[in-house]
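Shared between the two complexes below is chain A, which has chain B as its partner in the first and chain C in the second.
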Partner chain A sequence: MTPSDLSVPNAVETAALSHWYGDQPALQDLTLGISQGGVHAIVGRNGSGKTTLLRILTGFVQPSRGRCQLLGEDCRKLPAAVRGRVALVSDEHALPPWLSAEQLVGLQRASYPTWDQTLFDQIVDLFSSSPTQRVDQLSRGERAGLCLALALATRPQILLLDEPTLGLDVVASRAILEVLLLASEPPDRTVILCTHQMDEVERLADQLIILNRGRLVAASEPEAFRDRFSSWVAEGIPASSVGSVEGLVRCRTIDDQLHLVTVDRDPNLVEELRGLGATRVTRSALSLDRAIEAVLSQPGA
Partner chain B sequence: MSQLLRQEIRRFRRFVAGSAAVHLVLLWSQASLGSLYGPSSETLNRGLLSFWPWAWLATGILFGIAQWRPYRRSELWIFLLHRPLPPSRILVGMGGAAVLLLAVAVPLPLWLVTWLTDLGAGSWIDTRHYGLVAWSLGVTVTGYLAGIVVTLTPHRSRFVILLLPVLLLLQRAPGWWILLVLGIVLTWIGALVAASFTPDLRAAARAPLPLALLAVPIQYLALFGLGFLLLLGYSVGVVVQEHGFHWKGLAVHAWNDYFPEGTYDRSFYASRSEVLTSALRTVDTEHSSDLLASLDRDSVVELRPQWLTAARRHRPLPHDVRQTLWEPTGTYAYRFSHDQLRFERWHREQQTARGWLGVSGSTESSDPSTIEPFEGVLRVTSDHQVVTARRIYRYDSERDRFEVRFAGRPDELVITPAVRAGDRIAVLTDQRLYLLDADHRESGQGDPDSSAAIELPGVARNLLRVVVGASDRRQIVAFTFGVLSERDHLEARELLLEVDQDGRSTVLLDRELGQGPPAWARHRRFIVSPVLLTLHDLAWSAVGPEDQRLTWRDLRGSKPPSSVLGLATLAALLAATATAWLTRRRQVPRRQRGWWIAAGFLTGWPGFISCLLLMPRGQPPRGDPASSRALDTG
Partner chain C sequence: MIEIVTGDSRPIFRQIVDGLRRQIAGGELPPGSRLPSVRGLAQQLRISLNTVAKAYAVLTNEGLIESRDRVGVFVCEPRQILSLEERQRRLEEAVSQFVNSTYSLGFDDDELIRQVEAGLEQYAAGHPNSGDPE
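Up next, the complex of A and B:
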């Protein structure tokens, strides 16, 4: 997380942000700052509050408690000008089914003075959809491409993406990824990407934010996050003897071998495990998705 | 915004074209069967005024739902609203398109048919019929706004908003005040739509203004619903007592048609001869027995007052009762034009206008200005009487002109037609009952040549009915006072008079009429909510149907008994306590709790019910905010 610059407000700033649906918490006392520029990936299990956070940021859900700002403006009362600088692509890629791409463009162009027709055409070409086709005649991939094109052609300062490749085939997912790479090029553009796809995170994200049950679990650069985790395989000791190991995130027994994941542990854990009775200990690096999985699958996490 | 407007017009163009075509065909068929507003289609005309407004309202509601229902899906709602425009402009764009489309579907065909009828048939379409065209748009737009509320508001009780357009169609505001009522309803629902039209619909629905705008119709319905339940409880109780102890109930209700002697209910429902026989039996003297024995029951007549409150000329809507004179040969009908204040002669077979008929005579010309108009017509009877505020005319078909049959004094208002009662003719004004000779002919200006002029023994506005019968060359007259109203029974009184041949009257009976049900059942709505009932009475006294309207005097004069006041106070305190408990249980914020408790006290149980329906069950837990638990790694 980049420290806040006093002259440039963070793209997103939340303080003790909470939201409940009925008596079910969606976000709990979330304090978060997302600096301007770069791609910020938000990951978490289903129901961890990612979509709610995006909707709060755009003012479509009023938080139950706490403060939330987008580009320095209170999300509860976003001015129209700020809304014009923020684009949102939802996971369902829903658009009015009775409109054609042409008509949608007409509508967006009239609303957004920053509309970039060339960029729109470029993106839509990648998905080979006809401008006269109605939305309800488009495939899911074509609709996703159209949604992304409509969002990016407004030249947003902040682009909010809620699982943009959900339910798409390999080709469409690849095309979306390419567009996102293109979208993240302008240095003053902030992309906030909610996703379950770790390859997207690894390829795109400058910062990784992990939410679980509405709470912030971690926020750092993906590589730095991944590097803090290590995987260990120990032989000759039972799982019950490693409970007191500091930094232990997960412990599983597979084929009489103890598989451990630790965070922020130096190599001297080898000695510690041997001291506990391990006959053989090997250490290996952990992939990002396994690190995230280890964090999110912790009991009570 | 203009782009949005165009998109919406394109989206619904087929639906609207189809609706307009169907509307046009139906209206045109109706016009072809007789005439849209004309005398030969009285039944259809009644249909126009009672069926079509409901159809227009339903069209508006359905259109509102059809246009906004897709946006209940949150992604589409976000697509619509998440743009650099204030939500109000988006609403104006969408709403503007809807108004244009609805104008094509509803008022345009109506205007077209009215205009063509006017063009083809001369001048018998009034200005007021064109007013109906504008009114139809107002009704449709009201329905449209209600449809938006029903679609977008997340409250389960949002359907209660439909009560407002329904009341709009039931009200009978006089003259141009009807537009004020329309304006209030449009503003009410429009404000609800505008207040709700924000990105987070759930949060908007919890804001004070939408809550208040939804709470009032709920409370209004609850007032009548609880009143009905109390009546039901009372009626069931009476029935149980009747069956259990063979006790005869003192009430009139669905299962008991027994009217106790000397009660208002008896006088209200009794046949006209029963009124006289019952009163004469109550007097119970030898003389009254003689009168009863010689009473000619077949010649007993009744006069029920009607009031011409304001000239109907240039009223925006043709809500008045049809006033048509039928010529004995059946060739012509004379339909009263409220714009021209004259009768238009209408050839029934050819369906064409053939001149005008006024006070001073008739003309073949299509220009009625050469003949004297009426002041305004209270009633046209089947025996060719035309009752105006000051006079009663009779149409002489042979001479094709009117003759004056009765002219009241200058300060009098005629409130009934002349009715034959034995060898007399009875006419009621707001000050006297005239019993004229049967061969009476009007001889002078404002000085009726009558055998008897009986001063009304009470306030004319409170007069329910007058019954006149003949007995042994005398007239027996019963006056019943006390108007049945929304507040149930006002002070009711019955007088029985005997009028001799010289016109001298003697009071045989003067009695207060007892109330049927007990006070708590009669004043059940007052007990439920005195404030709401008073507001309802005030509003309905201005815009209710004329025969049910209370006056200010009625409202000031109708003080409930102290037992009812005590019950109403107790009910309000209990409702406030229950509301306090409910708001605490549902963790309503402190300031809102105060408002709800005040509403519970002021509006009673209807206030509690509105709180119950509008305040959500699930509220966020109020624990200490815990810090976000991040991995302590930076």
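Up next, the complex of A and C:
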């Protein structure tokens, strides 16, 4: 008996999880725990392993190595009971093109005793498509809404979302955001949201997970992550003299001023920069998206 | 009406705290005013319930608002619940921010002081009781 049998298991638990496509690594030694409840945003550049992780979690892909559990069960052989409590909405919004929303509901509700038709109708209404329209007659936004409605109406305990607003116009994106806010309300539901939209992260996420090239870069509350960064403008010194500054993640010269971003640095960097010859130093806070960008754009990252 | 923006260096919950604090201090939200419910404000701003709850918790701890069971969230009568040390610390912080952001503007000290006095007068005009402790 493992400790997780005694207490509430994490929604997701991985240890040294690795996956390769051929000789191309997609996930490298990922050790991650995602507790139950709340919205957990996974952010990273294209090819950082986000989609692979979702596929492994749902059992569509067998990982090359390492441990991976969903609600305490091995993802390689998820019991039907756990599988029924998980919903995945992929970015492709792939649905059989010849079926209508009504027909899809007919198929879906048969396999889910928890099916919530009122919720389904409420969500589909936001996208104003008719239930008799075939999938191939729907716009991209309507199809995204339908996918989300089909997933949420099963009232999943774990909702996995892969870039739900990818390629959507401003109206459809806003409707999706409203559905996601609705989806995140039940306190016992865990939402795992892979996204490139920093606006979604700020509005929705309780926890921020950053992946880069298949590795875990950070996992914390978004504010705690942002608070680790500072932005500095220094005058009177060239970029070549700050190379050894500890915690430096970004350095640009704009109009003879040096614009720096640092991580985990205390305010005494002001004295350090003055010591290196800076005549004037100002410090400011960084927005969340700039902090994330700074981490992901590091050459060595 | 509170407005928030994403991509700002202030987190959303902090923007709500600052915005409501300013409206309460400025008299736009006098004591007894009813604030939107947590859910209502979350829907209005399109942000999570947790973010609004966190902002309301900060303001509740500062004694600016209170939640009355099943009735709603209200602006409190002004009272001083912060310790003298804490008030001094905040004053110093505010002064240091003020000096940092005005120092390079090129006004002389007398002009800065005159402007601050004018600002305080304007504020007091909207707050007949703000001069009286308790």
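What we mean here is this: the second predicted complex is superposed on the first by the 295 of 301 C-alpha atoms of A that agree within 3 Å, B and C clash if a C-alpha of one lies under 4 Å from a C-alpha of the other, contacts with A are read in each partner's own complex, and residues count from 1 in each chain.
Please note the rule applied: a residue touches a chain if its C-beta (ideal position, glycine included) is under 8 Å from a C-beta of that chain, and two chains touch if they have at least 3 such contacts.
Just so you know, these numbers come straight off a predicted model, no measurement behind them.
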Problem set entry | Clash-or-fit label for the pair chain B, chain C on chain A | fit
For this session: Give one of first, second, both or neither to describe whether A:R45 is in contact with chain B, with chain C, with both, or with none.
Result: neither
Exercise. Now for A:H259: first (chain B), second (chain C), both, or neither, which partner does it touch?
Worked result: neither
Exercise. Which partner does A:D289 reach: the first (chain B), the second (chain C), both, or neither?
Worked result: second
For this session: Once the structures are superposed on A, label A:R83 by its partner contacts, choosing first (chain B), second (chain C), both or neither.
Result: first
Exercise. Touching A:R140, do we find chain B (first), chain C (second), both, or neither?
Worked result: neither
Exercise. With the two structures laid over each other on chain A, which partner does A:R274 touch: chain B (first), chain C (second), both, or neither?
Worked result: neither
Problem set entry | Chain touching more of chain A, residue-wise (chain B, chain C) | B
For this session: Determine, under the contact definition given at the top, whether A:A94 touches first (chain B), second (chain C), both, or neither.
Result: first
Exercise. Touching A:H196, do we find chain B (first), chain C (second), both, or neither?
Worked result: neither
Exercise. Once both complexes sit on top of each other, what is the least C-alpha distance from chain B to chain C, rounded to whole angstrom?
Worked result: 20
Problem set entry | chain A positions touched by chain B in one structure and by chain C in the second | none
Seminar exercise, completed: Listed in rising order, the residues of chain A that touch chain C in the complex are 38-39, 174, 177-178, 181, 184-185, 198-199, 202-206, 222-223, 226, 284-289
For this session: Give every residue of chain C touching chain A within the complex, in rising order.
Result: 6-13, 42-43, 46-51
For this session: Please give the residue numbers of chain A that touch chain B in the complex, ascending.
Result: 16, 18, 20-23, 25, 28-32, 55, 58-62, 64-65, 80-81, 83-84, 86, 88, 90, 92, 94-99, 103, 106-113, 215-220, 228, 263-264, 295
For this session: Please name which positions on chain B make contact with chain A in the complex.
Result: 1-4, 7, 10-11, 70, 73-79, 81-86, 199-200, 202-203, 616-621, 625-631, 633-634
